[in-house]
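These notes open a run of structures that come right after.
Each of the next two complexes has chain A plus one more chain, namely chain B in the first and chain C in the second.
And then the complex of A and B:
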């Protein structure tokens, strides 16, 4: 039963419907891309053509670290990070804080050395200010993550918009709960199959009811990540710290220790890594950071990735000279706190990476369900008002977005593979996505055929992408199988299956001359 | 019956009520939008003064920032739900003033 009086319900429904429809298109883009990038690492392995699936650092890095740090400018020994790059090589990143000649600001200046793990040979070397260096990023997943996190709009505006989308999603879920007259009953609603119209409405209610808790969780954590740095911290700093954000950050983070620059030799990193692993419950060494190398103030921080029983990883601190264990570094302050515990929950809950592939798959499924609920909700709303020309046109825009987004994403993946040999996917991935939009608009010029045409375009791209990936030098299924890079096979297989399903639906729709399922829906979601 | 005059406080209250109720949609938009955001900002800043700092001395700063979106959603929902616009405005203004008081006198 609903707890609201009629006027309250009316207002809630008006805001639920209007906000859902107006921001729904952007919300759909945010949710759909978010559901896909849950598998960011798997997409990286699939798109980069790498069959190297080893994670974490090997047990011996000390020798190479000493060799490669010998010739580095002492200014760049302030902070050294050793980690595994996406291509499987071991990356040594030497960083100093130097005044940028153009901006006059103190900026991170880095020297990157990538070393082959097996041959110990330098694969690549580069040096420059951060932002000018190529970290060998996986451009495809990075672009999709940017679309999800900030709709590819410059900071902080993109973050403001996605934060507001999270807020509206939370409100849509809360108002959905308050407006539901039969919440429990709706969770077990039998879908009426005798009418396609009623079936669409029933499915929207059923999926919407089950995904409500997940929607609130995702919206809250997502809004936090968007607003924390753009609004939460600035507002707190403005009002409680006289606008001094650095004072707020200094109050929250562990204070930096004073540095004594007396020369001293660094302890064995291999020994420290071994000790760190022994002190933690499983996991692997994700990275090592050496602060103030070659001084008596040297500190080594070992980041251990989350073990099976943890939600998050752990960072252990060691005296860099005596190799004495100094303790686990807390996220905030100088000891464990409730705030840090709550903060450390937000990431795993939003990214769904707390139980490997199982939790990621659940997150993908629930994310796609939430995207589907958003899309069908908008379609049901516009369908009810289809007598109005404006709403009818808006209905077509919704279909264009629903089917045009995966189309543009797959076009960007196609551009990625085609431009990878030339080494220019960073430029072409976003541009191809932008160029795919007018193509999708052209395909959607006739509202009666929007869904069918875009479905066919999606099907063709989904089936051809695995072939293109292989033709452009990507690993074959047998190579992937031999090296344990199952992500390559899984992503290929998912694309082919999705493509075949869309092709089948396109054929069925074309044969029956049914233009769009939503066009048959005649009743509102509520 | 309230007499609406400049010198009669009851009359001023009645005038404000009348003014709010004369344009309910506009004033609800203002409450749900800018006023709700200001109230949320003041609530999280006020929390700095009554949430225990904890052993690490950071809980009172970290927890309000984490709860910021939840509080904003709650304030937004309240601005839609309250049947009485004068009561809604009174609640938001009391919230803003109480937390401003904490900010000014709490430190």
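And then the complex of A and C:
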């Protein structure tokens, strides 16, 4: 059943195809990198050689908090956050709002103390304005996240572009539904392999049919995250608050309470954590935030991880002095509402991080399905017009992007490991990605062999990356297994399996090139 | 328990999708497969696909429901995307791999089994010796009885041979025995 008459269908198909071809390459980059960075935490653990994978805070942090907050500048006790760093240490962040000498604006100034959980010794200390501090995040995942969120284009333009790509993806998915004649039957469509064109069409329709609901969901949430801060707040402020952004923020966030700076001792954080755990179904405390430490206005906010059956965690508020439970803090707005509940779903549904590796694996699969739909859609469009030299060349560009992107990502990972001993991966990761592009273009100089050559290059890199990681001092599988750092094994195994599959495909492709006669090309209806 | 519940629901739904995929007449025709002779249980199969999701909602297991729906989308796509021909290729590859692995294992096992047999023989002999309270390896009483019986048997056979020799032999002038063989016919 089609929702459109034939003439409307034709016009819709033209818009669907042309717009897809024009923005498809950027959309593919955004979707593919997004699917990979779902495993951001695992990539961090894998690339940083970390073997500590405990999550959440230990049951006792109160003593250390009192010891390390004693010598901190009182201005930085305005906001203290205690959480677990990626390397397993307990991180204490003391933050104050101080005027930046260069910009003249009030900016977050932070003192960061990382403490070993077992020995209670300070592992590292640093201090500075936010943006100038190193939080111990791996440069590799940071770069890949930047490519996904902003296409590595300076703010706010990168966000505008990815937001528009999200909106386009929604349009493509909805126009795809309207164009579909047999939406339900096509779920079991048989892929015809006797022609490249028919196969491309069938693969596009099949993947599009199955991934439709989540494609719309991922596109909507992605567009929301891109536009929320860059465009959403200014536009909303303009429409409802005469351009006054501060009034908008005051309307949706709880008003800051007047602070009474009378000195008062903070209640036991260990007791508050225990109480918060007893009030919720969650498994562990993700973080604690202490506002206005050592004053009668002190407040403690405890963030509890999502329960096994929920998508979201809970934040509980306590009076910092009397340790009285004050209530659950809504994620958005001043009190619990449907809007806040819907808003709270956006993050878990987009990032897929609500149930560990299980939900992340599903999210990776959904991302790859969406990337597949984009790639096969573009290839279908260009294959049909391959008689034209320009379209033939564009077809090669698409293949170059499809296979060149993972190639460039793996080259950047290689550069990360090679430059890690010199301590300069932050510089080399983006540069190696950029330098991989001309190499990929060189490998794609012959359109008939673009796919095979880039596939082989990808296979070699994917298989050699785990070896390189280990040679550069990364944890071995036995070490990872002993410490429960399954992320190291999972990422290594995924790379090796992907490498072997690509190697096998490459061998089959090259064997076919030598033996098989040219395929019988048929013209399918689009 | 929680993971088991989620993966269990996914498995149940995948059984339903698998049935629908295998019995889809258009799909079977495209892949030159015989049509299904029995009645297609369309609605029970659809119920099998969606019932686990409904159950997860009824339980208020929203995380499980989201994972179930996402996994169903991805695994369903993969299952349908693979043609029967590819399944056949995968199966033959797996069989070839298994045969190759078995042969290699057998190659390793042959010398290993020989060494193992030797070791087990030594160990068992040793154990028998130990169980008899003797550190030295020597004949058991049963062995001695067997040896006696065999010696008696050998002696009887030797006597028979001597008797036969006397019957079929003559002595020459020098006193040497000359055995007379039966003449060839």
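Worth pointing out:
One rule holds in what follows: the second predicted complex is superposed on the first by the 507 of 526 C-alpha atoms of A that agree within 3 Å, B and C clash if a C-alpha of one lies under 4 Å from a C-alpha of the other, contacts with A are read in each partner's own complex, and residues count from 1 in each chain.
Everything that follows uses one rule, which is that contacts are C-beta pairs under 8 Å (C-beta built on N, C-alpha and C of every residue); 3 or more make two chains touch, one makes a residue touch a chain.
Bear in mind the structure is a predicted one, so any value in this text is a computation, not a measurement.
Once both complexes are superposed on chain A, the partners chain B and chain C fit side by side without clashing. Between the Cα centres of chain B and chain C, as seen from that of chain A, there is an angle of 130°, stated in steps of 10. Using the contact criterion defined above for the overlaid structures, shared-chain residue A:15 touches chain B, although it does not reach chain C. Counted by residues of chain A touched, the larger count belongs to B, out of chain B and chain C. Look at A:210: by the touch rule set out above, it reaches chain C but stays clear of chain B. In the superposed model, A:441 makes contact with neither chain B nor chain C. Touch criterion met: A:355 reaches chain C, while chain B stays clear of it.
By the touch criterion defined above, A:332 reaches chain B but does not reach chain C. Shared-chain residue A:247: touches no atom of chain B or chain C. By the touch criterion defined above, A:130 lies against neither chain B nor chain C after alignment on the C-alpha atoms of chain A. The overlay of the two complexes leaves chain B and chain C separated by a minimum Cα distance of 20 Å.
The contact surfaces that chain B and chain C form on chain A in the two complexes do not overlap at any residue. Contact residues of chain A toward chain C in the complex are 185, 187-193, 203, 206-207, 210-211, 213-214, 306, 308-311, 348-349, 352, 354-355, 358-359, 362-363, 365-366, 369. Against chain A, the residues of chain C that register as touching in their complex are 2-3, 6, 20-21, 24, 26-27, 30-31, 59-64, 66-67, 69-71, 73-77, 80-81, 83, 85. By the touch criterion given at the top, residues 4-5, 7-8, 11-12, 15, 163, 166-167, 170-171, 174-175, 219-220, 223-224, 227-228, 231-233, 235-236, 239-240, 248, 251-252, 330, 332-340, 342-343, 346 of chain A touch chain B in their complex. Here chain B touches chain A in the complex through residues 28, 32, 41-42, 44-45, 48, 54-59, 61-66, 68-70, 72-73, 76-77, 80-81, 83, 103, 107, going by the rule given at the top.
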